[in-house]
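What follows is a set of structures to go through.
The following pair of complexes shares a single chain, chain A, combined with chain B in the former and chain C in the latter.
This part shows the complex of A and B:
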């Protein structure tokens, strides 16, 4: 048995891969495939039963009705805005951590960024619900009830940025930390100004890290429907529509068709980003 | 970088503000858990520990905590086994479709949670439920394990890349059986990576709400679901706030563990 395994690496490989692949391909990809197929089905409006006949009606509805187009654009806009805010906040912070802070304080800063990741997602969204409440601390800081932004689209973007910020800081920090100081000194010795050094040396290191972080900020924002419910007021994103169609409307095929939108966007995004080497930075 | 003194100061101030942005909301929860006012009037006028004892005696929150722990342990166990297997396959073998495998593992976490949630939900209802196994705690564990595999995989893969195979070869050359080599050489090498990955997997599962919403059977309430259900009930607000405060305090524990294990790098990548 032992020598048989030794002489047949293929068998060893199959043994290692079969269970995980069975799980991921059969259970997960299979489930996704079923979901995709059911997007082409419909629901009988009288009986509520799923009719298993191929039709493009769901997608036609999504493409032609303004509601769905607006919600899609709004969701992508929110995800993009969150990603941009996270990049703008994360780059200086990661730069400080990797290149200015002393090694000792660097260690503690990494912990300080890491710790909130372990605090519950829901707890953090809830904290912002309290912060932004009418007459809450933000209003109080700005001079009285109603002065703050309150709940709504703006609050949603802020809270999502807050939630996913560490996911952006950590890969950028990891990238910058690998950048040797000697390279920067060499650039300066050769007469490059700070901005030139940033463009020619720091940026090429930064870009894959930023893409790696953006996979999280973008994808996590795109599918979110919980934060929106907590601080978004009446704002609707794709996630809310999917959820409403499964729950209240009991229209799984239409929910599936709606869910195809974020999947498509994410797959395109992943394929585009993979070429920059971002997946190795995860 | 040859940063000027000014830009160093600028970055330092930015960092301080960033940390303030990250920690103020969390501190607010801690302060509010002692706020005597039921609606969290700000600034607080009087402080009380009443809500803490109310939360301690809240049966719903306790049951939910217990459910979450069970789901997290189950999902972590599965993720440890599957993640380790894939990382060995990807690191130690060359085979057709290796890149696809690593993409496939990232997929459950890269796709929006609601997609994973409804996919597993509809598959469970149309394939497994007819076999007589309804949704319950087990379906939650299956759902969580699916996206937890990636964190174990990444941790173990990084460790395998760093250690190489020379020690194992030496062990085999010295006459150790494969089982002995695994027990005395390979396993001790990856032990801390397994711990870090398992810790991350547990935390990911413990915190998850979206996939849970869709895969939980009737009567299965994990802690995040309990919090969400009670979030919009004004009466429950103080108790929810205490539970939130407890979770914030508890989040220090895994970080401390990771520190003890291997320094900040071990916990640096949550995926």
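This part shows the complex of A and C:
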């Protein structure tokens, strides 16, 4: 057996790769294929049984009804805002962790960044519901009941930024850590000022890391429906519409058609990121 | 590149296989039947004899229907059942009828407390089995007015046991909302002083609440049944709700969220169930709930058994237990609804309970419009127009929320 495999490297490779490939094709691409196919089906409006007949009706509804365009734009806006907030907060934090903090405290800082990930997503979201409640701690800090932002779009952006911040800090930190201090010193020795060093040395490392982090924060925000249910007031995002169509309306085909929207947005986003050359740097 | 091509081909082959698998099968149920729109009921046998329990029963229920003492140690009608029958009760709370229908379609659950807007969908979808009431001794004590109704039976064959009925109420914070409201106008007022603090039930069926309000405020629309709305009537109802959306702080379907919102004061006015009011009051929130003078939408619930039940014996025992006089009285008092079992009226802690909730008062329930699934054939008997069906209600609900 061993000598057979030794003589046939192709078989060896196939044996090694078949399991992960099977996973990729069947579980990953297969699920996407089912999603795409069922988007063209419909449901019997009374019994809720799926009717397997090809129709473009779902997509026609999505394209013609204003509400779906509004919700899509709102979702992209939320995802973009969350990403921007995460970048603004994460860059200085990662820079401090990677270049300023002593190796000992760096350890503890990484742990501190990771700790919130140990707590349940739901617990954190409900904790924010309590924080933002009428007369809750946030209201109190801002001077009394009703003074805080309350539940709504703004609250959703804050809570999502809080939830996904570690996913932005870690790639930036990893990128900056790869940057040798000697490069910074060399730059200074050659007479570059701080801003020039930042532009010529730090930025080329930083940008791909930010793109890497933004893929996480953007896609996670785009698909979220739980946070917005808890602190979003009456706000609807794409995730809510998908959830409502599966959970409430029991209309899986329409939910699948809706789910194609974030898939397309992410594909466009990834192509744009690839164009910038950031993916090669990962 | 060569490898990439191969992988792509493999992926496409997998996709084609899945497509083929998806397209085959399921071509049954096209012959005309007695149901709405000529639908026929899938043929499913009812259980003939009761055997011994399987050790478990998986239940889908409304909040407050399955209490084992974990919410309040005094509120418990599950532990005795588990001791007597050896059937461990696993319960899952659903927030809307739509959620119940989707959950029942998974086949993972044995019984469900379905309201009228879910029961017919479940029956015609083949998700629930007819019930052999001979195996449920307590069935004989159920009010005759609840048996063999359009929402719990087909052609005289019961598809479940009646659980109880009640009305959706209007709840308000007594310290904020002054003077106390008397009508649904409070939640539909476009100039409400409580803007941003009004709440509404997050389900397409809530459109019926607007229609019910229009029945008294705009009689010229000619709405006779809030679940049978033609194009003009439907547009009036959705317009009213679109205007209301600006007043809404948040919609609720999770009862714990509503309790917390009223307690904190994020919501001060909106639809509720009695049980939510009870929980909020137990939490020391200053709230009251009442039946507004226009009447209300409501529910008449039925315990139904899944056609794919893996624990049918425990399921039958559960259905018998939950409508037993003692349990039915306990559930009814806890949830705040009229019990289904007439003997339950002697078991309630409050001796006037059945009178307060009009348990046997058919005239009272004329004013309460039980949740029903809207279908294209108008439920009020009109044949010259088509009504909006539930899928239209669902899409409208998305649009209303914006």
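Basically, the second predicted complex is superposed on the first by the 265 of 282 C-alpha atoms of A that agree within 3 Å, B and C clash if a C-alpha of one lies under 4 Å from a C-alpha of the other, contacts with A are read in each partner's own complex, and residues count from 1 in each chain.
Everything below uses one rule, namely that a contact is a pair of C-beta atoms (placed from the backbone, for glycine too) under 8 Å apart; a residue touches a chain by one contact, two chains touch by 3 or more.
The shown structure was predicted, so the numbers you read here are calculated from the model rather than taken from an experiment.
With both complexes placed on chain A, chain A has more residues touched by B than by the other of chain B and chain C. In the overlay built on the shared chain, the residue A:92 is in contact with chain B alone; chain C does not reach it.
In the superposition on chain A, contact of A:25 is made with both chain B and chain C. Residue contacts after overlaying the shared chain place A:250 against chain C, while chain B stays out of touching range. Chain A uses residues 21, 25, 29-30, 34, 38, 129, 133, 135-136, 230, 246 to touch chain B in one structure and chain C in the other. Within the complex, the chain C residues that touch chain A are 7, 10-11, 14-15, 18-19, 22-23, 26, 36-37, 39, 96, 98-99, 101-102, 105, 120-121, 124-126, 196, 203-204, 245, 248-251, 254, 257, 260, 264-266, 373, 375-376, 389-391, 394-395, 397-399, 401-402.
By the touch rule above, chain A contacts chain B in their complex via residues 2, 5-6, 9, 12-13, 16-17, 19-21, 23-25, 27-32, 34-35, 38, 89, 92-93, 95-97, 99-101, 107, 109-124, 126-131, 133, 135-137, 140, 162, 165-167, 170, 174, 181, 184-185, 188, 194, 197-198, 202, 215-216, 219-220, 222-226, 230, 239, 242-243, 246, 252, 255-256, 259, 262-263, 266, 270, 274, 279, 282. Residues of chain B touching chain A in their complex: 1-4, 7-8, 10-12, 14-15, 18-19, 21-23, 25-26, 28-29, 32, 40-43, 81-83, 85-86, 88-89, 93, 95, 101-108, 110-116, 118-123, 126, 142, 145-146, 149, 154, 177-178, 203, 206-207, 209-210, 214, 223-224, 227-228, 231, 240-241, 244, 247-248, 251-252, 254-255, 258-259, 263-264, 267-271.
Residue ranges on chain A touching chain C, taken from their complex, read 21, 25-26, 29-30, 33-34, 37-38, 43, 45-49, 52, 61, 65-67, 70-71, 129, 133-136, 145, 150-151, 229-230, 232-234, 236, 241, 244-251.
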